[in-house]
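Each of the two complexes below includes chain A, the first together with chain B, the second together with chain C.
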Partner chain A sequence: MSHTAMPAGRQPLSARPERAELQLISARRGRRLFAAATIFLFAVLLLQVLDATGVTAIGLVSWRPLLFAYIIWAAALCTAQILIRGEDGQRAAFVLPAVLFTVAMVVFPTVFGLYIAFTDWNLSAAAGRRFNGLDNLRTLFADVYFWNALLNMVYYVAAVLVQYAIAFGLALLLNAEIRARKFFRVAFLLPLMLSPVAVSWMIGKSLMEYRFGPAATLARHLGWDNPAFFSTPWLARTSIMAMDAWVSIPFMMILLLAGLQALPAEVKEAAKVDGASGWQSFKEITFPLMLPVSMTVVILRIIFQLKLADIVINVTAGGPGGATDTVSSFIFREYRDRSNVGYGTMLAEFYLVVIIIFVALILKGASRWMQRSN
Partner chain B sequence: MASTPYASAGDEDRTGLWSRRPRFMTWSLLIYAALILWAFISLFPIYWTITTSFKTAVNVTQGHLIPFVDFTPDWKGWRSLGLSPDTISAPSTVRDEFVRRFLNSIVASAGASFLAVIIGSLAAYGLSRFSYKFLWMRNKDISFFFLSQLILPPVVLAMPFLVLYKHLMLLDTLIGLILVYTLMVLPIVIWIMRDQFDTIPLELEQAALVDGCSIWGAFLRIVLPIALPGMVAAFILSVILCWNEYFFAALLTSSNAKTLPVMVASQTGSQGINWWSMAAIATAAIMPLVLVGIFLERYIVKGLTAGAVK
Partner chain C sequence: MKVSDFERMMAIGLSRRAILKTGASLGAVAAASTMLDGLGGFGEAFAQDTAFRSQLLQIPGVGKGSPTDADWQKVGEMCLEATKKSVKQGEFAGVELSFMGLNNQNLHNVLFRGFLKPWEDYTGAKITWIDLAQADYNPRLQQAIATGTVDFDLLEMGAPFEGDVCGKGLASEMPDWVKAQIDMDDYVDYLKAPVGTWDGKTYRISVDGDCHNFNYRTDYFSDADLAKAWKDEGHEGEWGVPKTWQKVQEVTKFLKGKTVGGMEAVGYLDAPKAWGGFGFYFLGSRATAYAKHPDDKAWLFDVDTMKPRINNPAWVRAIQDVIDALPSEAGDQLNADPGTTAFQQFLAGTGSMISWWGDVGASARTSDSSVVGDTIGFDILPGSDDVYNAKTGQWDKLPSGPNHAPNMAYLGWGVYVMARVDSDEKKKKAAWSAAAHLGGKDLALWTAAYPSGFQCYRKSQFNIKEWVSAGYDEAFITSYLASQSNSYNHPNAAIEPRIPGIFQYYSVAEDELAKVFAGQATAQAGADAIASAWEKITDQLGREKQIALYKASLGA
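Up next, the complex of A and B:
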């Protein structure tokens, strides 16, 4: 894939002829190696396709040989780069493995996914894959539950701002002159380490349990007669948001704290000398200085929030009536409970397009805003 | 919130300050109250899970909270896992299952993190030191290509991977899981490591190159040892992310390569679960990471803040 763009070893001949000679020989070797590996890759591909379509019967059990052929090809490509282009090739060999890996792991599945998205394919149905054009897209536009899940994502993303406010407060607290800072920092960080699945049980299914969960008991003591945290749509959504906040606030807090600690000390000193009150110095000095960090943190969190699924899948499974559904958890159930592969993939690809547009807009808006405020 | 320059002076001054400035004292009281409140919020669910794994049915329903004071700890939850002192030596299918899931989780997360740190560090070093040109893409675009993988939601890749893995016979194998997890953490590793390499002065490698090292030799012998703490941070962060991963594990594994989160989730799904055994499983699942959090906090913070805060 990448060999077309890299100029083939046309390096200026160096002053010492024997070295140039050597370079030429090794370049020839590199080209030969690469050509052989490419031919091998295509030969395996051809064999596999022939075998899969039933033209020949070598009896290949799986497509694994192609995988090995790709690995050999990738190794040959790296070696050939070094042989052909010398030092430049050695430099290229640093970044090539990651590029080849990512391309193989992402590009192929996304393209293949696009194909699945336009088929009618249900794993539990007897009929196999069948191309059905834009039918999936039409179903998608008429699917109330999908749009409902997308609307929920708006709420969940909006909740990031609340998380940000709390996280900023905590970061300020940790940045104050306190004792046992290390203890508090570790304690605040711990929720981040826990798996969302365990958190689903720990908080969603036991702490908030209706009959004898401590959170429900506490709510009863505070005068709430019927603390069913997942009964009404808004209540359930808020509970999920609270759980998600519990897990993800530490992430924002740590980044904001690092930002606070990196602030130049003179700035704060200057504010004190001017006699600014705590709130004033925060509003006029700390907060504006923290804007770049805040931007990074909020954008990162929004990107992660768009993938929110584990907690919803395990606590409410989208209920009640789809009120807590995220797009990811909705598609997850489409796959696992209804085995509706074609339609589920269309939903996922559509969601990907929505995400890309949304994130691109945010990034653009953020950079423009930062420029204006500077 | 020391609002006077004297705050950091000796003890005598400080006591004087406390009595003279009641406003300062209320401030610090408020700060400590807020800190303790949030520490309680952060720690109580963990405390609750651990203690519940030592409760019996009665203790759970009556909402007892403090061991030895209002309930007597019991090994019931751990016995159902085969991990209590009296069952630890007897054969137990539940324990075997649990240990297998646990080992799967370790292999998958450590393997993926290892792979990601290796190829991620190489790429990050290249991107930090050399300037590439590939078609229209320059360093900035290549970095963006890697980072943009962060945006990709797992659902987009899930189905194609399921089909792909079926044909490659990688379904329900740890290798398959490791490959997916590597893909998942690679952008983060590259981000952290590029930041690390940017902070290492160029002169060190230049000296090595002058001494006759090759580019790779300079990287392996000079740069790598200096960047090791950053690599450890990236590794730990990757392990945490992989250990907690549920989505791919739930879809791509069934019996053989199932990981701990999938086991926990499958237990919560079944009706009439025992709280004590659920709590024991949850405790066992979160304990390694709680310990990592307590003892390796420095590295986690380092990994999280690399690149994001300048």
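Up next, the complex of A and C:
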């Protein structure tokens, strides 16, 4: 009677409508739960807004009730997913908390920041926050300090290529069979482990100190009468670049070293057998094979470089005459020293857009170049 | 002398001989005062008071190392008598207070903790602390105000921020019993109302006084070779400490290329590098003699319109002075902020003249890194042969001679109680009692004599004998205190406007000045750019409101 036997795990036909009905009931409950939670969320939001604008006087001291309402709504959403979609809903419930958390902690602040960017909000202003349309954007386009800082960023980003060349050289050195290789690998990594603030003080304000700094003393011995590393625009900019390079080169070097170690030895050995010189081997084999790693390293460094601020703030405060100013250090001054939240946020949001476009263009360009190289 | 007092003095490290010597001298002073006054009761009280203050200054004693937390607690305990008169033991049990202040160089709040520990033990109240670095102070305070999240009951704050706090009704008005306890009449004149008040109400307990004084190297100005060279080069007058900015400029240029004691001679030290807004005070010190006319309270803005005066001929002359002097100063002067000029240059032996707060003098003989302790002298800021009259647009020569206008930069720190305690009488009394303890007259003497971050702010702190008995050299301390006292009590002192956002004005000015000093703009163009930026800030903050607050802060 095996042909009449029901397959294991399959329910009798009579049970199917029952289950479908249960699913329908469950889905209905889920939808109701979600609708109730959504109504509750919007009701709390409405109350908060009315209270904040002074239309009603409920006396809510903070926006915490809205946060609790959001958490309840999030829990209801997850539960509703399970009730409505069954097993699929369970899968979604694994991901939803992370998505909702990201929405709360990243998407909402970014969107809210965008709103702030279009307001006139100086913390000392008697009138408080006011929507001011495109005024902040107009101010930004006419702000010589911003454009000066942006121009400086071009120089700083260009310096990444020099850092890359040095880092590649060091990586090749540490990849070669040299004495005390392990020691040098650790030693070259040390600057990366230091905080840029510590580097600012140790190097910028101590080693390079005009009167007693060892670097200044050495420079005097070498015949430089006035070893003031931060007193002329290009010298100051170069000094900042050098300090930044000291911290950043190890980061690039370690990534490049990892790339070099992953290269297949056979190719290089074959080139050697074919009589390729060291330079030819590097130019024709190592460098092309390292291109993907190199592009990653350079792009990552550029992204970090665009946020350069700490060393500049500590050592030169953007001087002399704005020669070392960065966009981040300028935004820092707008926020910290001038409490100019609206304009400062506009600067930050605009700079974010600039960075996104710039990095996207680099990625696109790099991708095309790599394809052409291949 | 009570046995307990004797034991206490022994415990703090005084020798038997020192105690006897102090006791004898104090007795003599007490006897003399009794005879002179013919008031036995007063004389006895005076003697006790003097003896007490002398004991206080022996903790730990000048030259006996930096004070520690144990010393601060001892000082706090000794100064608790005033509290005991107005508060019963355990009266504030269960009260919790939050105190926001600075922790610069491990001073300020760090000392307050020690001073208030015995107060907490006696009253039963408990204090939690919010410590901030100087750079974080302004944004933290402004955020708390703007977002309505004032989470502290007591606040250490400078008078320039009174517009932001008192002007917005966030501070608690000082009760009368506090005024009596802290003896406000003892304040130096410039710290009396309108400073610490807003719309006629008193809010502040001062714990500090501020002014820039003029610090100079005595070895430079007594150097025979320099005196000869000065004459040989045909300079007018004798070689000596400059009394006007015109002379400061002349001396600075004269010293370029000369040596003193085998070292390169450097004249005045300017601080062109930005310093979070605080750097503007140093241009201010050069400008006040030009810009602060004795017939006009205002010197930074016009009172009725808030029109900036920064681009008037007086300020432009001060900016031009810096431009002209910089090539004669140290090689990397362009990258020197005020911290550098004071602690890495002047105290370390570079430069012969500097305007700064009292910290330079206080550190000259107590800091290990100072090499100028024996060769430093003090004066009020230099004057000017003429002063600009903003009302007439003319330069005036005063019949009394050079115009002096000491820069009362920052007006000192104070302790403020926040209005949020007003709804709870017990908490309010506790907060004011804690603040009054920190602002006590005797405690003030100690904080001025030892590293604390605070200068003199009371008339009673200028008794030279007390300082000498604590171990200070008489000539040194006389010169130091006179430079402060003469600044505080100067009839033409330049008082800083206490208006909201004042540091925004300073910060913007620093950016423009950096360009001027780097040679990217002329003094006039830079000053015009600052004026334009200041007008924008005033409009953003609300011009009418700013004018009203400015007038209130000037007491106009």
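The criterion applied here is as follows: the second predicted complex is superposed on the first by the 276 of 374 C-alpha atoms of A that agree within 3 Å, B and C clash if a C-alpha of one lies under 4 Å from a C-alpha of the other, contacts with A are read in each partner's own complex, and residues count from 1 in each chain.
As a working rule, a residue touches a chain if its C-beta (ideal position, glycine included) is under 8 Å from a C-beta of that chain, and two chains touch if they have at least 3 such contacts.
Computed from a prediction, not measured in an experiment: that's the story for all the values here.
Peer 1: Taking the superposition on A as described, I'd like to know which of chain B and chain C A:P288 touches: first, second, both or neither.
Peer 2: Once the two structures are laid over each other on A, A:P288 reaches no partner at all.
Peer 1: Does chain B (first) or chain C (second) touch A:R211, or do both, or does neither?
Peer 2: both
Peer 1: With the two structures laid over each other on chain A, which partner does A:P233 touch: chain B (first), chain C (second), both, or neither?
Peer 2: second
Peer 1: Figure out whether A:G319 sits in contact with chain B (first) or chain C (second), or with both, or with neither.
Peer 2: second
Peer 1: Identify the partner contact of A:G133: answer first if only chain B is touched, second if only chain C is, both if each is, neither if none is.
Peer 2: neither
Peer 1: Just checking: does A:G365 make contact with chain B only, chain C only, both, or neither of them? Give me first, second, both or neither.
Peer 2: In the superposition, A:G365 touches no partner, neither chain B nor chain C.
Peer 1: Applying the document's definition of touching, compare chain B and chain C: which contacts more of chain A?
Peer 2: B
Peer 1: Please work out whether A:F101 is in contact with chain B alone, chain C alone, both, or neither, and reply first, second, both or neither.
Peer 2: It touches chain B, and chain C stays clear.
Peer 1: Looking at the overlay, does A:R336 come into contact with chain B only (first), chain C only (second), both, or neither?
Peer 2: In the superposed model, A:R336 contacts both chain B and chain C.
Peer 1: Which partner chains sit in contact with A:Y145 here, chain B, chain C, both or neither? Use first/second/both/neither.
Peer 2: Touch status of A:Y145: second partner only.
Peer 1: Residue by residue on chain A, keep only those touching chain B in one complex and chain C in the other, then list them.
Peer 2: On chain A, the overlap between the chain B and chain C contacts is residues 211-212, 335-336, 341.
Peer 1: Considering only the defined contacts, which chain A positions touch chain C in the complex?
Peer 2: Listed in rising order, the residues of chain A that touch chain C are 120, 122-128, 145, 209-212, 226-231, 233, 236, 316-323, 333, 335-341.
Peer 1: Looking at the complex, which residues from chain B come into contact with chain A?
Peer 2: Interface residues on the chain B side: 1-3, 5, 7, 28, 31-32, 34-35, 38-39, 41-46, 48-49, 52, 60-63, 65, 119-120, 122-123, 125-127, 129-130, 132, 134-135, 142, 145-146, 149-164, 167-169, 179-180, 182-183, 186, 190, 214-216, 219, 240, 243-244, 246-247, 250-251, 260-262, 264-265, 267-269, 275, 278-279, 282, 285-286, 289-290, 292-294, 297, 300-301, 304-305, 308-310.
Peer 1: Inside the complex, what are the residues of chain A that reach chain B?
Peer 2: 2, 5-6, 61-64, 67, 87, 90-95, 97-99, 101-102, 105-106, 108-110, 112-113, 116, 169-170, 173-174, 176-178, 183-203, 205-207, 211-212, 214, 217, 246, 250-251, 254-255, 258-259, 262, 272, 278, 292-293, 296-297, 300, 303, 306-307, 309-310, 313-314, 327-328, 331-332, 335-336, 341, 344-345, 347-349, 351-352, 355-356, 359
Peer 1: Mind listing the chain C positions that touch chain A in their complex?
Peer 2: Within the complex, chain C contacts chain A at residues 135, 138-139, 142-143, 145-146, 164, 272-277, 330-335, 337, 344-345, 348, 350, 500-501, 503-504, 507-508, 511, 514-520, 537, 540-542, 545.
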